[in-house]
Amino acid sequence: MSQSTNVFGAIGDAQEREEGIDREEFTPGIEPQATWCPGCGDFGVLKALKGAMPEVGRTPEEVLLVTGIGCSGKLSSYFDSYGFHSIHGRALPVARAAKLANPGLEVIAAGGDGDGYGIGGNHFTHTARENHDMTYIVFNNEIFGLTKGQTSPTSPKGHESKTQPHGSAKDPVRPLSMALSAGASYVARTAAVNPQQATEILAEAIEHDGFAHVDFLTQCPTWNKDAKQYVPYTDVQQSEEYDFDVHDRREAARMMHETEDALYEGTVLTGRYFVEEGRRSYGAEKAATGEAPETPLAERYFDPDYEWERSYDLLDRHR
Amino acid sequence: MSQSTNVFGAIGDAQEREEGIDREEFTPGIEPQATWCPGCGDFGVLKALKGAMPEVGRTPEEVLLVTGIGCSGKLSSYFDSYGFHSIHGRALPVARAAKLANPGLEVIAAGGDGDGYGIGGNHFTHTARENHDMTYIVFNNEIFGLTKGQTSPTSPKGHESKTQPHGSAKDPVRPLSMALSAGASYVARTAAVNPQQATEILAEAIEHDGFAHVDFLTQCPTWNKDAKQYVPYTDVQQSEEYDFDVHDRREAARMMHETEDALYEGTVLTGRYFVEEGRRSYGAEKAATGEAPETPLAERYFDPDYEWERSYDLLDRHR
Amino acid sequence: MTDDELIWRIAGGSGDGIDSTSQNFAKALMRTGLDVFTHRHYPSRIRGGHTFVEVRAAGHPVKSRGDGYNFLLALGDSFARNPQDEAYYGNEEAKPLTENLDDLREGGVIVYDTGLLDEGDVDDLEERAAEEGWHVYPLDLRGLAREHGSEVMRNTAGVGATAALLGMDTGVFEELMDERMSGDVLATNVEILEMAHEEVSGMEHTHALQLPEGTHEDAADSPVLLSGSNAVAYGALDAGCRFIAGYPMTPWTDVFTIMSQNLPEMGGISEQVEDEIAAASLAIGASHAGVKAMSGSSGGGFALMSEPLGMAEMTETPIVLVEAMRAGPSTGMPTKPEQADLEHVLYTSQGDSNRVVFAPGTVREAYEQTRAAFEMAYEYHLPAIVVIDQKLSGEVAVIPDEFFDREPDPGLGAVLTEAELDEAAHHASGVFDRYRHDPESGVSPRSIPGQAGGRFLASGNEHTPQGHIAEDPDNRVAQMDRRARKLASVRAELDGRETSHQTPYGPEDAEYGILTWGSQQGTAEEAVDRLNDDGHSVKALGVSDLMPYPSAEVAAFLESVEECLVVEMNATAQFRGLTGKELGQYGEHLSSLLKYNGDPFEPAEVVEGFESIVGDADADGDASGESTRIVPAVGD
Amino acid sequence: MTDDELIWRIAGGSGDGIDSTSQNFAKALMRTGLDVFTHRHYPSRIRGGHTFVEVRAAGHPVKSRGDGYNFLLALGDSFARNPQDEAYYGNEEAKPLTENLDDLREGGVIVYDTGLLDEGDVDDLEERAAEEGWHVYPLDLRGLAREHGSEVMRNTAGVGATAALLGMDTGVFEELMDERMSGDVLATNVEILEMAHEEVSGMEHTHALQLPEGTHEDAADSPVLLSGSNAVAYGALDAGCRFIAGYPMTPWTDVFTIMSQNLPEMGGISEQVEDEIAAASLAIGASHAGVKAMSGSSGGGFALMSEPLGMAEMTETPIVLVEAMRAGPSTGMPTKPEQADLEHVLYTSQGDSNRVVFAPGTVREAYEQTRAAFEMAYEYHLPAIVVIDQKLSGEVAVIPDEFFDREPDPGLGAVLTEAELDEAAHHASGVFDRYRHDPESGVSPRSIPGQAGGRFLASGNEHTPQGHIAEDPDNRVAQMDRRARKLASVRAELDGRETSHQTPYGPEDAEYGILTWGSQQGTAEEAVDRLNDDGHSVKALGVSDLMPYPSAEVAAFLESVEECLVVEMNATAQFRGLTGKELGQYGEHLSSLLKYNGDPFEPAEVVEGFESIVGDADADGDASGESTRIVPAVGD
């Protein structure tokens, strides 16, 4: 019995369960109904995430879900696990440190397109390059939802909003391409209108050992497109028309570029875009250099036998 | 005579000059000798920039040089023009607004690899995607110079420093690839050890109508590599070994990736990597949508004839 | 507390058009010649959830929310969540009724939409109505709207019913509809309005409340109805501001949106950028290049501007920032008002602060002081911050249009022309002495990039007169002292003006004082009226200048009274603290009345707070309202 | 001002090893049994530029820089810029001599390296020396070093010369060299040291100054020499901190570096991240997941932590942040000390502040109070900030090693075990009541992710006991009040302890007071000694607790004196303001002595400032030192 089961009893719990995990374990007793608008794509993320949990074999209390601020940020209110509803754009730095502190946790971060590609863009690219072992779900509704419909970094050029009455003059960001060149080791796009694929992709992303970025198309019928505008969607893996190797960086890059362009021309492409296997996650890399401990740091404070180092033993250099 | 010459007499001045521009006009009367360490690559940037000015035909007072904080940030102290020595990581947002306010200015932003790819990374990618008409020079010395030699975002994996005594566990950022997927329309790398190419590339970048990103390899003999380690360098345009089309995004991407990898294996590749012509700069794009004025905003305050709009004329909606 | 006023509360769900219906209702009342004031309450949620707006109207001035209200129009919440057993949010469907009853005055009127609300969901509505003398009119507004048009038009039906019950005819409403709708939509709405009016007019009316009589002077002739945010934006436009950079955040978004919608037509530029650090930095860049520029945010967004704010101070780049406060700390309660960012705004950013901070108390002051902020920023080369809050931001007031009939400010403040630059001091090297030590006022001469003969370096590092980085102690002291002199000059200029930003109210020789700042001014004034009516001797001072602090004015006020109650919407008595800091005495005379539950003060709470502290026989040191807190004076 | 002390100043250029030579010299003096204290002065530049370190040593306690100094070792600046006509920085080559002469005491000793410095570059060196009674020893240190080893060893030669002139033998220096060098390098250095010593010993000595005699108790037995930054880091390690996230910034980098170099060997984690927003956020994430975590920065970097700081307050996540102040605003003077971030640290971030702030006054206090900060943070679930400055950060002091011989703190503070969680209150839904309203102390029970039965939501929004977003006014008040109670509990706990963080000094019944905070404590104490020696009756209080403010202690101190001088390194009298704010009275008794030119106070400046304000016949209201400023009390 590993030490962790003494201290963090929830971790590893699932493996010992015989009956398996029920997705409904993640439905909170409080807040049974979310405050999202009727028809909002955010419901789709919640559903897919709940659906992925039995597949990855994790129970609520071994999951830490860190969210940003936005309609999307409320995901942690409606998903019953340990949660951290942080501030706008900062879910990733909170999440990645939690993972370093206790690698036994299943860490998932989530937020909006404004949250993740706008204000939080730098954390996005740096967390990707460091390849932290976690999943990052970006609710991409091409709009600022919670603040009432302003242009977001993924809004198409020409998009009119209260703050851009004549239409945005900016080319939208390319989230998949950015993730790839930043260094993410798993990159996918799915859509709320595609629940089966979404569940599968989330499960894969969570199981991926490294930074997994899922750009999740979530319609916002209130301020932007409704679900119809994301249908029909095409799964690039399923379709005959697209043929590329998700393990090949260059082919992935090409396919991403095409996918990003297509969205603004009304063609919704989804699927896995890049999967890098065998690359060490940041935690493993750091442990390998000798700059991170072998056992979870968080356990130490509960270990009565741990012999704490003292500054007294460092004094020789000061004599 | 355009109105601008009434108000901002320096702008357009160069065109009327017969004798041309002397690079020495950009050497300040004060601070004749920079505080950079002997052998520092930053001297190379200063020299190349001075050298580029006669080619682009700009005099000191029509140039606004905005720098960040770092050894690199001191460029504005040693280049005699209008200057703005801003704060760490924020040169780009200061610079791009100045350009919007007065498109007649030649706006150049500069800073270090920490400044631009670390703390300022989000402004870098967003300024690139917006394609502001300006030049951004990043002094890439693969180190934090001014704060005394810590690992920077471009330091190679395994790099040992005071803050990473066992070596960095992080893969370095890929500045060229990032610029490309972010949306820069001109991307080049040059080196302080390559003064001729550096001057040419800076001149091209300044003349480019859109966001031009120049990753400038600057040795830091005090904390990191010295000049020798950047020699020999290869100009990818000159070399037979490399063959790609700078106008082709995919080929550019491949070449960038190779160049970024090569640097850490000791092969210094430089040159132009991507040139997108014909794409409208942000200012032009914004004017086209009707969200920016045709004449420079900055002139208005000096125009005694301008009829200022009044809120009184907006009151109908409130009656 | 008189019934010569109407306080009409329209309640429903977010996304049901409550806000726009209330705005139109307020306009209609303004057009009848009444003074009008609104109070908004809404959740941080897009669709569904308890929301209401109160429209207060009278023939005399109204400058605050009232104590409770007297007319409820309860519409349904079409996006209410379906409750399940464990739902901690209770029955959302019934909230347009249940949540509003506690504040309804005795004898008040209730209209509710039976199409969406079920009396059975409300405990003892009948008994309570009997006890409180409420007059209840259940009406199937949804049914009516659906039958004759569409369900969303039930707000129109509600307005029609309201008009009938208040003895108003429909003319003024139809006029308004006519201005903003056309075709079928207009026709249907008018039909529904009239039908509801007719139907309700025909019913038996048991209540006495009618539309107040009289005409208020501001509403007499060409009045306009404006929110605090609108006034800030118009103040900025008239100050010559033509550049804004921002990132949305409630409640700042209002100012940003209004500017963004107007600037393109005025040849200006609005930039929505990647974050607030960028927003403030862009404003600095634009200003540096010669444009009057602003930015702003709320709470956490303003926190991100902390570092650029210091850059503006050190480089002496004029900018105006708006801070629209909401309840903190952190994300807090995004749609609720609070005044807890005062110290944050005054002191955030490392080093000694060198900024101007104004907190207007009313919609008019929001216009005036935003203009003043630009003036100070551009004349004195420093950042000026306009602090408003979610309350002032959204509340509307009636203002005669002449108020706005003035000249815009076409200049860039203290800048040199090229001709003047030619004459100005330069370093031997040719660099312009942008930051010379000697100006008495602290304001050194300024050039703009592109001007011939004006080149200099702007640096966030300490610098020489030419702007070059310098650590010499004498230069340091000279520059620090010069920058400090600018603030002294601002204070002297403001003190020398005919009209002060501080607003005294009540009998000059009063025995007691109420001190407040920013948006609580109107409420404090109403409390002063009531207290004096009740035989107390009280006056108020509403303070707007927070930095540089108006020491002389406030000290004179405090000297003139026995004791003073400081009223503010935060938990740590920040403004009392500031006053203690700035004046260094009076600690024994300043008690605090605080409120921080997300609702602004009602005048009655100020009255009670005052009575529990000073000058009342019944006073009990500990007493305070349910949702307010009293912090007695030092040594009390 | 006595000459029973040595103040040795070694001057040269950045990058010339001045700092490490001085550290070793200080250590050597410590080993001789003296008390030692250092003062650093250096530019924001990597190579070249005027830099010096003073090592002050005596047989009695030294706890401040002195007034001037009495021994100059002027080395060359090998990276001095070549001056050209217009160079506003003057002749950098001569600066190791020219810049240092003004502060040299009468009768002082000058050793300068003729290999790099030319007497001809210094105006009237000979005359000035004659006038001031200086004893000048020109020596070709570079030549000697170059001849016997390499040029860089001229520092060693300088130390040898110093030893000879002070009547010391070379043993203690050789011992030190032996510990950190080996092989040829060691041999050559020892040779150079001895040659210089021999040569200078053989010269004629005209001066009287010798190594001070006596033994200081701290240096008597197993003393260690530590800087303030080192003490902060060791305090953190002993408090059980095993996670740090940071981004370099002067002077904070010192703490970050020391932690980063020690953590891996202790199985801890140090993360250098993309910016300070991330740094603070990582500390929060690590702490949330069950690790004692810290971050920190200086000036602008700390400004960027403003928003995450509020998140820690609202989610009640314990973290410790270090703010190492430097001269602001903005980039300011990066390598110069100042105490101008006080208000910024107390109030930055929107909403009412809910944090603990300590400003240790000495190296020992830096250790103690960093430990205390972790204790408060983890017991009370809030951010605790340790404020130091560039002065305390870099200065070293002698401490007996027993001081550090104590138990580390192995716990995580107030957290529940799984067994306790089992018993704890939960919502009916199974969610843990992490934020229950009722705890008297304000501290609600805490669980850690991964614990069975502990799940809850941490949110920066206002929230219910389970952590869910809520805007209900009663819940709001309950949570605000509970969070405020935590601060009251911290104050009560600190007040109840045997040793206070506030340090009184001088005769208890003194007539006058000097109040100071943070790093000025030692200097104020020296001034108190001198003033009492001169017949004044003065005592001092060095305040470290800034939030929650130690009102009782400070009020008692102020009550006990007639008048008080508040000494601090900033321009706007921030600590006097805080005291005025917190105590609300005493304004008439508090004058300020301010300094903000980038240099810390000398004791004599405090003496003069005091004399010009209080209790001196010669007093002249306006008088103050050249580089200090006096702000008289209100009403004075």
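For reference, chains read A, B, C and D in written order, and residue numbers begin at 1 within each chain.
Here is the rule we go by: a residue touches a chain if its C-beta (ideal position, glycine included) is under 8 Å from a C-beta of that chain, and two chains touch if they have at least 3 such contacts.
None of these values were measured; they are calculated from a predicted model.
Comparing the chain pairs B-D and A-D, the larger number of C-beta pairs in contact belongs to A-D. Centroid analysis (C-alpha atoms only) places C farthest from subunit B. We define each chain's centre as the mean of its Cα atoms; on that basis subunit C and subunit D are separated by 43 Å. With centres set at the average Cα position, the gap from subunit A to subunit B is 33 Å. Chain centres here are Cα averages; for subunit A and subunit D they lie 42 Å apart.
In subunit A, the positions touching at least two other chains are 29-31, 69, 85, 87, 119, 121-122, 126, 153, 164-166, 286, 290-291.
Of all residues in subunit D, those that touch two or more other chains are 44, 86, 88, 264, 270, 274-275, 277, 300, 307, 310-311, 315, 330-331, 428-429, 459-461, 468-469.
Subunit C makes touch with subunit A in their complex at residues 15, 44-49, 79, 81-82, 84, 86-89, 246-250, 253, 256-257, 260-261, 264, 270, 272, 274-276, 300, 330-331. Note for the complex: subunit D touches subunit A at residues 27, 222-226, 230, 234-235, 237-238, 240, 242-243, 245, 262, 264-271, 273-275, 277-279, 281-293, 307-308, 310-311, 315, 401, 404-408, 410-412, 415, 417-418, 427-431, 448-461, 466-469.
Subunit C meets subunit D in the complex at residues 43-44, 86, 88, 277, 298-300, 302-304, 306-307, 310-311, 313-315, 325, 327-336, 338, 340-341, 343-344, 346-354, 428-429, 459-462, 464, 468-469, 471, 473-474, 476-477, 480-481, 484, 570-572, 574, 577-578, 580-588, 590, 596-599, 627, 633-635. Taken in their complex, subunit A has these residues touching subunit B: 119, 121-122, 125-126, 129-131, 153, 158, 164-174, 177-178, 180-183, 249-250, 253-254, 257, 282, 285-286, 288-291. Contact residues on subunit A toward subunit C in their complex (touch as defined above): 29-38, 69, 71, 85, 87-89, 118-119, 121, 144-148, 150-151, 153, 162-166, 222.
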